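Heads up, the next two complexes both have chain A, just with different partners, chain B and then chain C.
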Partner chain A sequence: MIQVKQVFHDYEGKGKFAVSDISFSVESGSIFGFLGPSGAGKSTIQNIMTGLLPIQQGEVLYENQSVRGLKTAFFNRIGVSFEQSNLYASLTGLENLRYYAALFSVPTVQPMELLERVGLREDANKRVSHYSKGMRQRLTFARALLNRPSYLFLDEPTSGLDPKTAVGIRDLILEQKARGAAVFLTTHSMELADALSDTVAFLYGGVIAACDTPEALKREYGRRDVRIVYRENGEERETSIPMDDHERLSAFLKTADVVKLHSQEATLEEIFLRVTGKELTA
Partner chain B sequence: MKSILSTCAQDFKRLLTNALFWVLTATLAVIVLVVDLALPKEVALESAQLLTLNAPADVAFGVPAESEAALRDAVRQGDAIGFLFGEDGLTIVNPGYSEKSLNVYVLELMREGFVPVQTESLDASAKEIPFNLRFTPVFICFEALMTGFILGGALMLAEKQDGTVKALRISPLGAHRYILAKTLLFSLIGTLYATLICLPTVGGSIDWGAFLLLSFCGTAVFTMIGLAYTTPFRDMSSWFFSMVVLLSVNMLPTISYTSPAFTPFWMRLIPSYPILMAYRAAMFGGSIDWGYTVVAIAAWAAISYLLALWFVSKRHLRGARV
Partner chain C sequence: MKAFFSSIDREFRLIFRNGISIFMVAAPAILAFVFILVFGAVSGTVLRLAVDQSITPADQQKLERVADVERFDDASAMSARIRQTDAVAGVSKDGAGYRVLLEGNEDEAFVGGVRLIVGLALGAGDELMPYQVETVEARGGMAYTVSMIAMLLMTLFVGGATIGMSIVDERESGAIRAVAVSPTRLGGYVATKLAPALILGLVGIVAAALIIGKASLLPNYLLLGVASVFVSGMMTFAVGGFATNQVAAVGVLKLLIPVSMILPVSAIFVPEQWQFFYYALPMYWQYRALEAILSGAPALWFTLLTLLVSLPWFAAAVRMFSKKAVFRKRR
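Up next, the complex of A and B:
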């Protein structure tokens, strides 16, 4: 389990905090979706959690062990897929994975097996400088899985991928969860977070605006509607009525020439808008 | 060890696509060609015309000048040296040669019989070094041994520019193994380059044990200094120009190499000094203080490792543990 406790970070040391009072925990065998627009402080938190940024205030604990005192060997248990793919462009995809695999002192997954899973088997011996952005993204993701990490950090793992490849990546993320990894998923894709996360946190302006399971957030902040397609004067029209407005719903159904009825649940996108008052944009 | 060897192997593959690596390799070839083909084994006197005036009858060299004015004109206009014999002794009129060059001329004239001279060396292992080979240790010291400094730095900067250093920071590699991997790789390359310069120029009759050890340890020292030095830089241009300044300071021992009489204490503190002097002894014989050489190189190895460890762990791989 990863615990983040009251973390603050001020890049310039002038009292202007990039993130303030951030607290949450990521259980082993679960996916924690960390949602927020660009500049909200998502990367700052991830960098603090992975030790890339020193902790100024607060605490990050891995199985009750502070990130401040982590030894080199700890990094055998961590995997990070960065949003900006950082690979050796002059090496092939396979060489990149072999290079990183050799850095670990724990058993690693066969690089070719991972390349197969992310759809890069046929391009394994091609130099990364000849890879497209999406291919690099997949290779970066594959690299994060080499050591079967107990703690997996994923930053926009499906950004820029075609829908079919994105589904494959989602399956792999769910496999990591099933294996028992604590997955920290940083994204601004509400759809991805909704589909994968056990818990989500909305980060806005450097503070957590809401943090709970997607279902609980929808219950608390969402509004379930019934979308009704009806015919009027020979034309099809559409309206939405809150599901709990029984009186209005009943009256409408009695009078209207209903063509279609759909129950409609609030999306995380809408909830984010309600919680923060701002739309979630990349 | 697996991670060190793997890092070595992958860094070598990266080197093969690095332009600087091929520039240094081409420079190696140029050095060998210059030493073997362009430089003479001896600097001959025939290149200068020797003019004499009022020379005694037993002087058997040079061409008599018509007058002192004609002699001075000839010296002023071309590559000639004038010898004015007078009651006060001999005056050598020259177009502006250094004292050292003039001494060479005078010594050669003496050998040719103007004044009978014999030399006796008390160092039995010392032998006369052909002119074209005199600078081979200098070329090795400031080309082959600098591969680690230059190419190690270039690889580090590339890691910053393509962001791979961020992935290394959250890997279990650590600063210690990072330094060892790069130092091992470049020490091997530096030793190979030194051998490739030495064999076709000086040949195989040298003290190979000392030569290989010097090449390996020397490159290791300069690689680690290079890793420490490069860490604060973000881009190639600012690093390259400041590096040239540092390398120029490191080349100062060449002065003591060519003029041993000038060896102030501070010169001995420059890391290339003991290596350069030891190279001469390993390649051409002659006695040096090996005790000082070993202590100086070991001290620099320790200092450069500590510097590299500090800079790499605190800056380059900050966040990663030692």
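Up next, the complex of A and C:
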């Protein structure tokens, strides 16, 4: 379990905090979705959690042990997939994985096995400089899984991937959860977060605006609507009416020339908009 | 150890897949070739003579026992040959005697040597006393000494600079961040950069020594190369710490090259009583060691000083690097 407690970070030391009072926990065998626009402070928190940034204020605990006092061996237990595909471009995909695998002092997954899982087996011996953006993203993701991490940090893992490949990556993430890893998922993709996360946190302006399970957030901030496509003056139009507004719904259905009608649930995107007043854009 | 050797393997793969790195690694050998083109190789030094028609074939044969002889059809062609940059003396017959022609800028040792050898060769019968040719070129000349030391300093500089560029590449691509969240300690990372820098430095200085014909001094050069490990490390982490991209790295190298080569060699022009200004500079001790090696003087003390003086500089460079890059000390 990872616990983040009242973390603050000020890059310039001038009292302007990039993140303030951030607290949450990530259980082992669960996925924590961390959502927020660019500049919200997601990377700051991930960097503090992975030891790339020193903690200034607050605490990050792994199984009740502070990140401040973590020993080298701890880094055998974490895996990080960065948003930027930070690979050795002059090495092949296989050489990259072999090199990083050698850095761990615990048994690692066979690089070829991982390349197979992310669909790069055929390109294993190609230099990364010849990979497409999506291929690099998959290789970066595969690298994070080399040491079968107990704590897995994923930053935009499906960014730039085609739908079929993205599904494969989602399955792999769920596998990590199933084997007991605590997965910290940073993403702009509400769909991905909704599909995978057990808990989501909305980060906005350096503070957590909301944090709960997707279902609970939808219950609290969302509403179920009926989406109606109707014809008016020869043109098709569309409207949404809250499902619990029976009176309005009934009146509309009696008068309108309805073409299509279906119920819809509030999306995390809409909830984010309601909670923060801002759209979640990259 | 698995991580260490894997890192070294990766380092050399990256170097030999990058055109700039290959050029940097090859630079000492290229410079050594340029050096021998300008000054001539020292090993197997032979006297080179030019003769004209006035020298009989019998006399030419005598001269060929002691020198490489080029024959020219007339005196003006021979003069033109003598005026070329390498050390060639001309011999012609003048009545009953012989005349030795020189360009005019040779030092006394060369002039005396040529006179003696030519005299011995032409005066001898069928048997010529065996003799050993020592260096006949302007060995003690300032240009020769400065160029030789600067070139050898360059070979020691290149390893550190090349690996420094590799760190910059890691920082620019972000690959270093993935290393920083692995079990790699700062010390381990530093060791995996020092080792290839040292290997490149040693290979460079051995190649340069062989090419310029200083093979007999190889043990001294190798010892200095090993003692220069922290100088290379200092360069590596100065480049890797100050530069975050390849363009900035070139800028940093432009600053470091004068500090590494021109500054220490400038000590040649500084009076002895002011030399203490250089004492804190490890490259100065490299220069002193090279100067001693080249002149056949004991160089061990200067070699040791190179190691000792460079250590605090190296530690400072690593400290600066660890602050600027993402590596933090771990237990």
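In this text, the second predicted complex is superposed on the first by the 264 of 282 C-alpha atoms of A that agree within 3 Å, B and C clash if a C-alpha of one lies under 4 Å from a C-alpha of the other, contacts with A are read in each partner's own complex, and residues count from 1 in each chain.
In this text, a contact is a pair of C-beta atoms (placed from the backbone, for glycine too) under 8 Å apart; a residue touches a chain by one contact, two chains touch by 3 or more.
Here the structure is a predicted model, which is why all the values come from computation and not from measurement.
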- Item | Joint occupancy of chain A by chain B and chain C, clash or fit | clash
- Message: Under the stated touch criterion, which partner chain does A:Q110 make contact with: chain B (first), chain C (second), both, or neither?
- Response: neither
- Of the two partner chains, chain B (first) and chain C (second), which one does A:Q56 touch, if any: first, second, both, or neither? neither
- Between chain B (first) and chain C (second), which does A:E95 come into contact with in this model arrangement: first, second, both, or neither? both
- Task: Return first, second, both or neither, reflecting whether A:Q84 touches chain B, chain C, both chains, or no partner chain.
- Result: both
- Task: Choose the clashing stretch of chain B with respect to chain C from the list 59-67, 95-103, 113-121 or 311-319.
- Result: 311-319
- List the residues of chain A that touch chain B in one complex and chain C in the other. 50-52, 54, 70-73, 75-76, 78, 80, 82, 84, 86-91, 95, 98-100, 102-105, 143
- Query: In the complex formed with chain C, which residues of chain A make contact?
  - Reply: 50-52, 54, 69-73, 75-76, 78, 80, 82, 84, 86-91, 95, 98-100, 102-105, 127, 143
- Query: What residues of chain A sit close enough to touch chain B in their complex?
  - Reply: 50-54, 70-76, 78, 80, 82, 84, 86-91, 95, 98-100, 102-105, 143
- Item | Of all residues in chain B, those that touch chain A in their complex | 2-3, 5-7, 10, 13-14, 17-18, 162-174, 319-322
- Note on the structure: Residue set of chain C touching chain A in the complex reads 2-3, 5-7, 9-10, 13-14, 17-18, 170, 173-185, 326, 328, 330-331
